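Two complexes come next, and they have one chain in common, chain A, joined by chain B in the first and chain C in the second.
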Partner chain A sequence: MFKRSVRKGNYAYTVTRVKAKKSHLLKEEDYDKMIQMSVPEISRYISEAGYQKEMTDLAGKFSGIALVEHATYQNMANVFKSILGASQGELAIMVAAYLEKWDIWNLKVILRGKSYGVDASGIKEDLVPAGKVDEASLDKLISLDSVDDVLNEYSKVGKVTFPADVISEYKETGNAGVIEDFLDKFHYQRLLDSISPYTQPTKIFLDYIRKEIDVVNLRTIMKLKGEGIYGEQVMKYYIPGGMQIDSKFAQVLANAETVAAASGDMSRLEVYEDYIKPVMDSDNVTNKAVVTSIKKYQEDQAKKMAHMYPLSVLPVIDFMVHKETEVRNIRIVARGVDGGLSRETIKGLLVI
Partner chain B sequence: MGAHDVTPNRSVLLQLKSKIKLTQGGHKVLKMKRDGLIIEFFEVLEKAKQMRAGVSSDYESAMEKINIATTVKGEIAVKSAAYALKADPQVKLSSKSIMGMMVPKVEADRIHTKIIDKGYGVITTSSYIEEAAMAFEKLLDTIVRAAEVETTMKKLLDEIEKTKRRVNALEFKIIPELKESERFVKFSLEEMERENTTRLKHLKKE
Partner chain C sequence: MAEGEALGLIAVGAGLAVGLTGLGAGIAEGNVGAAAVGAITEDASLFGKAMIFMVLPETIVIFGLVISILAIFVM
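Now for the complex of A and B:
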């Protein structure tokens, strides 16, 4: 599926389409206005900002805040599919590999729903078909009875081979987390393989993904440290291929018993000085605060590559990152307003 | 049975005396038990107040965290993570004695599950969702402990009420009735004694 192609991508066409779409994305002032609105007003506002079709399509099924959430996800899925459909050659391979995370998201939703006993329509409602796997294949996965059948079918559809040790650990413990973690690692591995760093833009994209892997690894280490898990057990969740955190360094970070103990080693990281250190220096150091600041670094990295090499994969990825952020921000505003969160809290959660 | 419905003889009088002694002893013990239970009740009441405040604050914190998790990650992600949960919290029930009264002892077992055993992936599950899950685990733990204290408090109240009724019944009904019976038997015996003396005097004259 993601074999390296010698065929060059149709960058000019795809980037032009993407740029047109990017001009329609919501701006900071739109969020400022939305924060002052009620949920029905937000629904109307986003309908006028490009979400009309999905809001109308789903209005019969959902209402209020659920309609906003499902319609924005559906819109994102439609946009990503149109980009994937429009791109060709190596560009299509990279976009598909990048969007595979949504296939994995959907598989996780199906597996979790199946193990809990949610009916097919309930599972289908929660899917975000923004990846490469089409809706017919997703429907087939939902219709299967057991988790084993779902995994077998997905291994054909997604061209994934689930290792025997992962399957046996899942069967032994009944903990689907092992499958989910394998899929996340597999996604990054395949994404790295899909990028041929023979041009400067693809090299920048590769570096971006490698930095993202660093961020994911650092976040995982922090999360586990918060639970008092450190050492060899943490390395089970390590994703290889990062830029700064290789397995040796990951081991060093993993061995520190607390976040504070890992602080000295973390100072070697690019993310440390501007993002982690201010949190560590503050009075209230929590794992979540560190994890949130790492997330901010990841988003700033995406912003950095946005204006480099206009005819490359970078504007396409940049748009997809921004679209995901837009959907996230709309949901944060709508849910925040609905849940009675203060305007300051909502603003603090937004990524602009 | 009325105070006068007894056969007035010496054996009954002895029985009554012993009953009165026993009842007065029982009355004293029950009064002590009632006072002890009341002291215990106030201690448990204080604990229950703290537990209720704890449940209330833990609930608020858990709701705030789930609200933020739903806001940031969306309902779909939160719902999906909840479906994945494999945790099976257990509650151990046993009993302990407070002044002879059995009250439940509830111990929460396996309420907190480590992230690696929750049933969802560690790598991409949001820390907002994980934090909300932990807040609800804490709430469940507090609720279980509060259930123990609340049940103990209710049982103590019932027992105090029961003991109070017994003390009052002994103090105002049983002991006075027994004393009245004793007085009646004593009086009857004295009367019989006088009758006998008179009868003997008459026989001597004849």
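Now for the complex of A and C:
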């Protein structure tokens, strides 16, 4: 799907645009201020911090927390689309492959919406059109009646072949979860395939994605442990292709009944010493705190690689990771304030 | 004959000095120009600064031109 061209990317142009965008991202002191505000004040604050257009566009449709959530996602989609539109050649191929996760996100939203009988406008509100699939194609997917039709259409638009066993399992159980699990694995496989590790920056990018797969696997294992799920059941969510967590090691981590029991095995991981151990050593260990800390590791990895090769795909990916984190942080602050959480709790949930 | 050859070589050297520095400046300006347009797209107020950065690689050609003038008129 992505290997249309092998032309060199327009790195100077795209990276400069991305760096200019990065300079406008919210900083720690902005979150400190926002934590002390009410939801309408947060709305006004983010309007002045680059979300003005989306806030104005959606103000007639939503209000309060819903406005913040929809405007931030819409802004992220617009920003990512502008980066994808600006990039050319091999850079565009890699950016498109990275952003495919939002196509998959949208497909999941549509599938869930269809399963629960949500109307077309309800589904459309929750989409984040930040990927390669354009809004007209998304509208067509929403307009289709059955899940089967949606999958058939998406296999053409997204150039995905759904395996027969996944489809038959879905038809037997009626659970769209099997399709979602397949899509997650498929996305990372295609992303890994789209990166040609012939130059140093693309090698670093490939390593970063492999570390991201480790992070996703580790977070899944941690989250499921929090729900009391461990062992073989966890392994069906395992995404292959990681750097440090292969299927054998994932099995070892999955078999531990609690996070504390997995601690010894996790000490082999790069993320353990600086990110997991301090949380495990603290007084009130929660799975959420461990997962947040792992997310912080992923962001720091992106930050580290961004400065290695200025004219490469690395600063672009670093910005996209940070933009996504910013949007998530704004939503956490807004929801936290709306739900009456304490400032310390909200701050603890943020990835800064 | 020897003098003619020397003059010819000076002319070739002068040409290379301007030609190669021009090529170098072109490569540099390609990247700087793309970055400048990217910066202006995001923030139009950066036009002045971007323009200065655009012009900087042209100094390389001036060095080449000086060398070629020296080669032709001094040597």
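Heads up, the rule we're going with is that the second predicted complex is superposed on the first by the 304 of 352 C-alpha atoms of A that agree within 3 Å, B and C clash if a C-alpha of one lies under 4 Å from a C-alpha of the other, contacts with A are read in each partner's own complex, and residues count from 1 in each chain.
Methods note: a residue touches a chain if its C-beta (ideal position, glycine included) is under 8 Å from a C-beta of that chain, and two chains touch if they have at least 3 such contacts.
All of these numbers come straight from a predicted model, not from anything done at the bench.
Once the two complexes are laid over each other on the shared chain, residue contacts for A:A12 go to chain C alone; chain B is not touched. Of the two partner chains, chain B is the only one touched by A:I229; chain C is not.
Touch criterion met: A:R219 reaches chain B, while chain C stays clear of it.
In the superposition on chain A, A:K347 contacts neither chain B nor chain C. Contacts of A:A20 after superposition on the shared chain: chain C is touched, whereas chain B is not. In the superposed model, A:I239 makes contact with chain B only, not with chain C. Of the two partner chains, chain C is the only one touched by A:L311; chain B is not. When chain B and chain C are set side by side, the one touching more residues of chain A is B. When both complexes are aligned on chain A by C-alpha atoms, no chain A residue touches chain B in the first and chain C in the second.
Within the complex, the chain C residues that touch chain A are 30-32, 34-39, 41-43.
By the touch rule above, chain A contacts chain C in their complex via residues 10, 12-17, 20-21, 86, 311.
On chain A, the positions that touch chain B within their shared complex are 65-66, 69-70, 73, 108-109, 111-113, 115-116, 118, 126, 128, 174-177, 179-181, 183-185, 216, 219-220, 223-224, 226-227, 229, 233, 237, 239, 287-288, 291-292, 328, 331-332, 335-336, 339, 341, 345-346, 349.
By the touch criterion given at the top, residues 67-68, 70-72, 74-76, 79-81, 83-84, 86, 114-124, 127-128, 130-131 of chain B touch chain A in their complex.
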